[in-house]
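What follows is a set of structures to go through.
In the two complexes below, chain A is the common chain; its partner is chain B in one and chain C in the other.
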Partner chain A sequence: MNAKSADKIATVVIYMISGIVALILIAMLAFILIRGVPNLSWHFLTSPARAFEAGGGIGIQLFNSFYLLILAMLISFPIALGAAIYLNEYSKKGRFTTIVRTAIEILSSLPSVVVGLFGFLIFVVQFHFGFSILSGAIALTFFNLPLLTRSIETSLAQIPNLQREAGSALGLSRWETVIHIILPAAVPSIVTGVVLSAGRVFGEAAALIYTAGQSAPALNFTDWNPFNISSPLNPMRPAETLAVHIWKINSEGIMPDANAVSAGASAVLIIVVLLFNLSARKIGAQLYKKLTSA
Partner chain B sequence: MDNITQKLMQKSESTKKDSLGRAVSLAALSLIVIVVVSIFAFVMSRGLSTFFHDGVHVKDFLFGSTWNPSVVNPQTKQPYIGALPMILGSFLVTFLAAIVATPFAIGTSLFMTEIAQKRGTKIMQPVIELLVGIPSVVYGFIGLTVVVPFIRSVFGGSGFGILSGTIVLFVMVLPTITSMTVDTLKSVPRHYRESALAIGATRWQMIYKVVLRAATPGILTAIVFGMARAFGEALAVQMVIGNAALMPHNLTSPASTLTSILTMGIGNTVMGSLQNDVLWTLAMILLVMSLVFNLVVRAIGRRGEMK
Partner chain C sequence: MTDIKQKNILETRDVKLWYGQKEALHGINLNFPEKGITALIGPSGSGKSTYIRAINRMHDLEDNVTVTGSFDFKGTDIYAPTTDTVDLRKRIGMVFQQPNPFPFSIYENVIFGLKLAGIKDKAVLDEAVEKSLKQASIWEEVKDDLHKSALGLSGGQQQRVSLARVLATSPELLLLDEPTSALDPVSSHNIEETLLNLRDDYAMIIVTHSMSQASRISDRTAFFLNGDLIEVDATKHIFLNPQRQETQDYVSGRFG
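== the complex of A and B ==
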């Protein structure tokens, strides 16, 4: 076989392979959206789930997902920001930095079940938090920290050293340079990173089944006192999220319309992740415009 | 005069702030390290107590093929705690998924970087980025409603098993491997390609003999990352594999993985009992394996550094 026909055959094969892949991927997205979207209605999105009869919704699960996401972000963002600032602005090359980077890398590759089980062992059992939003939020924080730290660090590293030198030349301390010069310049890409990681956290289930629990007690949406047990804001109540709900109704199989509910819930999950992905770039670009007068 | 000396000798306001800021950010960083260390410490201590506290032999655990921790074997007076079915299941789905996904991932990334850059970046890139972010339960749900019935109608049986798990994991790791491979292919310097074409290579010769060779370490890293993701994936696999802790004797019989038995069992056992301890040992195996994948990635990176 001469080189030219080999080239032609290879090209055809590559076209076929990528065609198949594109087909699989598009078919999957289409399947979820076509199966799921017809199930979506205001009633479905707001009413509580029903265990043994058809016609339940995902209202509480949807609220839980967002509440957990916000709590997890509130805990993990400051930690990740601090860690990234130290890694990018203060640390020197050396043994400590190598160890830290290795630790972050390992944490990011741990299976999320293991992270969830660790949260279960420490917070649910040892600290007696029980299956609660708080335990779930902390488990999600562990899961989220390495990725968020890395993405913020990359954002900081993209700011040219000229800016740091300019800060020093003006007599600013390193910390002042970071707070007043580097961070504002890095805000757009930090925000993009945060929103992208939010999409990942939103769909996480394995870390939550043994920390935030698999039950969604009824909530009283008129009671916003976080210390009341039926208040949506109470961080000590068990909270099944949307992703956990999909897993649970499919593996238990006692809900008669489990298929329709999970199709609808999957569609909601995908749409939310899609919105996060799209808005991440948009918000980043807009912030950049606003902050840099470029 | 004294005033000025004092001012010069003392730390200035901004130096103090600087040390404070440095200390706070260092504390945040240390917190992450502490989390990693304590995850290992706690999971290991629980996992190892199977061997030290309950007196199970490592050999029986790793190579025993019967898993039924709540029943005691009358001959050895030991419960049935052979974890081989799960270990085998995990490795089987991981390797099979990686083997199936690799050619597809490489083909697609070649399409995106070497053959049709424009269409590749415009259509495929966003789709693949979106798929990396799709929650694993959604993959599991698709597996349960599409893949399992399909396998059932083609091969008979229940449809649950290694094959269904492999297919679901294949679709899950495909975007991960593809997007990392695309990055490596893009980092192959342009002049490599130009030199190959200039000495008369066809496009395929250029791809096969130059681009792929230069990108081999990166592609291997991408595959190992995909495998690490597949090995640690819990719910998507658990939904389609059947969760029967039996030795997998063919690809379509119900089987189980470490993660699936772990997620099913941990809530139904009492802390500190042998039945619970062996589950933590499974978690420990997961932990050790993710460490191994990490080391492999490092080794590849060190050997494959471009000089």
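== the complex of A and C ==
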């Protein structure tokens, strides 16, 4: 076989493989959306779930998912940012840096159900946080931290060294260079990474089953005092999220319309995750444009 | 060798530098007068960039570099433990081979150093921007686009904005590390013109691979070879009547 026909065959095979990957995604999305979207309605999105009769919604689960996401991001972002700045801007080759890097790698390869069980034993049981938003947010932080750190570190590494040299040649300290040059230049790509990881966190179930719990008590959406037990903002209440809800309906749901609720909830989950993913790059690009040309 | 009547802004004695175990500079003695342009020439790997980067302690950013010898910058010992590099680099500005504007507007780029120094008065900043951009000979080209991104400019324009950014902080000594080698001939010419306009007000040290550039713009030329300073003299002597055979070979294009 000559080089030319080998090249042709290889090209065809590679195209086919890429095509299959795209096809799998499209097939899955189509399946979930076609089954789920007909069940969506304003009522479905806003009303509480019902355990025994038909006509329940996912309102509380949807709210819980977003609330947990925001809390988890609030906790994990500063830590990830600090770690990434250390690793990319300050660290020198040495034992401490190796330990940090290895820790991040191992943390990122921990199965999320293990993270969830760890969170259960430590925060739910030992610290008496109970099944709560707080326990869930911390578990999600563990789950999210390594990936977010890695993504921010990559964003920082993309800023050319010329910028660091320019900064220090202008008399900026290393910290000033990071704060005034590297971070602003990296913001668009950092934001893209944050939004992408938000999509991942939003869909996470295993880490939450044993931490945020599997029940969604009724909430009083007129009471925004976080210290009241029925307030949506109370971080100590159990909070079943959308992803956990889907898992639970499918394993032990006894409402007559369980299939429809599960399909609808799956569709909502996938739509939100898609929105995160599709908007991530757009937001990043917009920010870059805005920041670079005042 | 140096003109005795003129005071030196920088005197370096027995400068040695190691990358790890490898000695890259073997004891350089070189002085720079208060005004005018000194060109450092020599083949790649001769140590001229290494030397110029030692002057504002850019090697501090790298691990594994050792510098010895004395650097007397107007009475300041550059490598003294008490010397603040941040303050030092404000007094010794540097322009690099690659234009490196920050990804902000032209205006933000130029006032960057001033803003960090705590200057907030808009009138003062506006004036500094105009003055620096004029000094860098780019005011006419960008005066209507001050708030557009500096990244949208051509390479040559970016380099002059980088220069303006350094000039805005009023350095006492300017280091230029091959400032035109990444630029097209027209942009290089513009930069050269700019430097010629500044030579009466600033002490400048320029590393260049272009001997014609050295002969066009510099007052003095120092020839580096393999980590040694071979010869330093008025530029016309170096090019027309060098004392050393190596210099003669290099400037006549026999190697390098």
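Operating definition for what follows: the second predicted complex is superposed on the first by the 267 of 294 C-alpha atoms of A that agree within 3 Å, B and C clash if a C-alpha of one lies under 4 Å from a C-alpha of the other, contacts with A are read in each partner's own complex, and residues count from 1 in each chain.
We take it that a residue touches a chain if its C-beta (ideal position, glycine included) is under 8 Å from a C-beta of that chain, and two chains touch if they have at least 3 such contacts.
Note that the structure is a prediction, hence the values are computed from the model and not measured.
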Item to complete: Applying the touch criterion given at the start, work out whether A:K92 contacts chain B, chain C, both or neither, answering first, second, both or neither.
Response: second
Worksheet item: Of chain B and chain C, which one contacts the greater number of residues in chain A?
Response: B
Practice prompt. With the two complexes superposed on chain A, say which partner A:I14 touches: chain B (first), chain C (second), both, or neither.
Written response: first
Fill in: Touching partner for A:P184 - first (chain B), second (chain C), both, neither
second
Discussion item. Is A:S76 touching anything from chain B or chain C once the two structures are fitted on A? First, second, both or neither.
Written reply: neither
Worksheet item: Who does A:L162 touch here: chain B (first), chain C (second), both, or neither?
Response: second
Discussion item. According to the stated criteria, A:S65 is in contact with first (chain B), second (chain C), both, or neither; which is it?
Written reply: neither
Worksheet item: After lining up the shared chain so the two structures overlap, which partner does A:N234 touch, if you call chain B first and chain C second: first, second, both or neither?
Response: neither
Item to complete: Pick one for A:L172: touches chain B only (first), chain C only (second), both, or neither.
Response: both
Response to the item:
Footprint intersection on chain A (chain B / chain C) at 172-173, 176
Worksheet item: Quick one: in the complex, what on chain B touches chain A?
Response: 14-15, 17-18, 20-22, 24-29, 31-33, 35-39, 42-43, 46, 103-104, 107-108, 110-112, 115, 123-124, 127-131, 133-138, 140-142, 144-146, 171, 174-175, 178, 201-205, 207-208, 225, 228, 231-235, 238-239, 259, 262-263, 266-267, 271, 280, 283, 286-287, 290-291, 293-294
Item to complete: State the interface residues of chain A toward chain C in the complex, per the touch definition above.
Response: 92-93, 160, 162-166, 168-173, 176, 180-181, 184-185, 291-294
Fill in: Touching residues (chain side chain A, partner chain B) in the complex
3-4, 6-7, 10-11, 13-15, 17-18, 20-22, 24-26, 28-29, 31-32, 35, 78-83, 85-87, 89-90, 99-100, 103-107, 109-115, 117-118, 120-122, 125, 142, 145-146, 149, 172-176, 178-179, 196, 199-200, 202-206, 209-210, 243-244, 246-247, 250-251, 259, 262-263, 266, 269-270, 273-274, 276-277
Response to the item:
The chain C residues in contact with chain A across the complex are 56, 58, 61, 63, 85-90, 93-94, 96, 98, 100-105, 107-108, 112-113, 116, 147-149, 151-152, 162, 165-166, 169
